[in-house]
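Chain naming follows the written order as A, B, C and D, and within any one chain the residues start at number 1.
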Amino acid sequence: MDYTHEIRVSWGDCDPARIAYTARIPAWALEAINGFWEHVLDGDGWYQMELDRGFGTPFVHMEMDFRSPVTPRHRLACTVIPERLGESSITFRVTGRQDGALCFEGSFVCVFIVAGSLEKRSVPDEVRAVVGPRIAAAG
Amino acid sequence: MDYTHEIRVSWGDCDPARIAYTARIPAWALEAINGFWEHVLDGDGWYQMELDRGFGTPFVHMEMDFRSPVTPRHRLACTVIPERLGESSITFRVTGRQDGALCFEGSFVCVFIVAGSLEKRSVPDEVRAVVGPRIAAAG
Amino acid sequence: MDYTHEIRVSWGDCDPARIAYTARIPAWALEAINGFWEHVLDGDGWYQMELDRGFGTPFVHMEMDFRSPVTPRHRLACTVIPERLGESSITFRVTGRQDGALCFEGSFVCVFIVAGSLEKRSVPDEVRAVVGPRIAAAG
Amino acid sequence: MDYTHEIRVSWGDCDPARIAYTARIPAWALEAINGFWEHVLDGDGWYQMELDRGFGTPFVHMEMDFRSPVTPRHRLACTVIPERLGESSITFRVTGRQDGALCFEGSFVCVFIVAGSLEKRSVPDEVRAVVGPRIAAAG
């Protein structure tokens, strides 16, 4: 039931040590979070949130532990779990696995803002409606 | 029968003009070509070519025409067609479409080399066997 | 007198063949062109063009030849020469060198548009004033 | 005396919200850390460490707080401070500022390994010699 986002790791993602370059990994975690939004909001990710729905969710914090190297030999399965929904923020846990092995895990905090501004706002009802039950289930 | 590689365009690929940043487009064309290799070589892309099969295919030329903007509103379908197989080179045509509209088209030339060197070599038999018939069909 | 843009090539730009990944190269050529604009327009690049000056310069064509590998062992010097200024377009020649050796050369065509639209417009006077003399000098 | 690494933020780094896309920021912090190594190791960054010096420093942990948006209107000054040197690990603090304002701060932990392996090793003497005094000064 958790959302899993699949990444095709490839040659250009790897560095001379023949594993994915570290900076690719937070970028994939973000793509997975965007994929989570598309999954729960009828196909709408950050782009449609900002342009069509009038809100944004900038990141204020991230932390990641890198457990084992990522390579192009397997797809990278990134599971995105919303862990906490505050008054105007959301916390995600993202874990990346290849062929069953844990490659990374991380925590990401975003705040809700009015699109086109830096003004904080409460979690939109349309978000609370779809994310709330997932947090209860995860909790 | 042509190979089509699907790209999930997202927020982070777009620039302040709200369309995909130009430099993302050759990067996607390359990912599509790598996907073509995975498709015809039992899942092996550039990574496995270099590490397991002993050859590489560096690019010597690319040219691209940008026909219409790419956005996150649709998946980007990149069709990869091998157009010419020389003694030690291959030419690909890549076209990108969103929702049926042509977004870009380009031509890419790679040469075959011995892995870990800059030494040119003839097209490997395993490549000629799978790519040759596709070129005949395209021609 | 030509504008040269310096790139610090690093580990994360390289692939398992231990040279810069091909897709990094058009990205650097674009950064160099943006640097050219900053150089001739009092520090304003594409960002300020679009947001402050009211015009944009999307790419319609690029072609590149890759002559020798790029590595982190030297800075990459990208020279940007405006070659042609049309009614509503500009053509740049970009060449990249490391330690004196030619690594790539390419040609890039952009059109001038009204910011926030896809509507073509003539070359802004402020651009013609600073780029025109450079083209005469190059020609 | 701290090492500061300058980043040219540009159009292609920004997303439709007209600020740098979040995933660019850990990537810049890593570039700054690589720049720190070049600064203290006679121009050698991760590339030369791995290929010439026989050791690597993969990341095992990162955490970042995003304090204010990054834009192309100023250079981004990333200060890299080695905070702790363990038996086989190093911790960096990286802070990014634009025009004096704090944009982000983060902590990054790397372990020392034998190049081409995943085998941990003690901090190389050549590293301890140059980094040790900086940690004492910072402490």
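Couple of notes before you dig in:
Keep this in mind: a contact is a pair of C-beta atoms (placed from the backbone, for glycine too) under 8 Å apart; a residue touches a chain by one contact, two chains touch by 3 or more.
If you're wondering where the values come from, they're calculated on a predicted model, not measured in any experiment.
Note on chain A versus chain D: their Cα superposition corresponds to a rotation of 180 degrees, in steps of 5.
Over half of the residue numbers found at the chain C and chain D interface occur in both copies, marking it as a same-residue contact. If each chain is reduced to the centroid of its CA atoms, chain A and chain D end up 24 Å from each other. The distance from the centre of chain A to the centre of chain B, with each centre set as the mean of the Cα atoms, comes to 28 Å. A separation of 33 Å divides the Cα centre of chain A from that of chain C.
Residue positions 11-12, 14-16, 18, 22-23, 27, 30, 46-47, 50-51 of chain A each touch two or more of the other chains.
Chain contact topology: the protein chains form a complete graph, every chain touching every other one. The touching residues of chain B, counted against chain C in their complex, run 15-17, 22-23, 26-27, 30, 46-47, 50-51, 56, 58-66, 69, 115-116, 118. Taken together, the chain B residues at the contact with chain A in this complex read 8, 10-12, 14, 18, 27, 30-31, 34-35, 45-48, 50-51, 71-73.
Across the interface of their complex, chain D is touched by residues 11-12, 14-16, 18, 21-23 of chain B.
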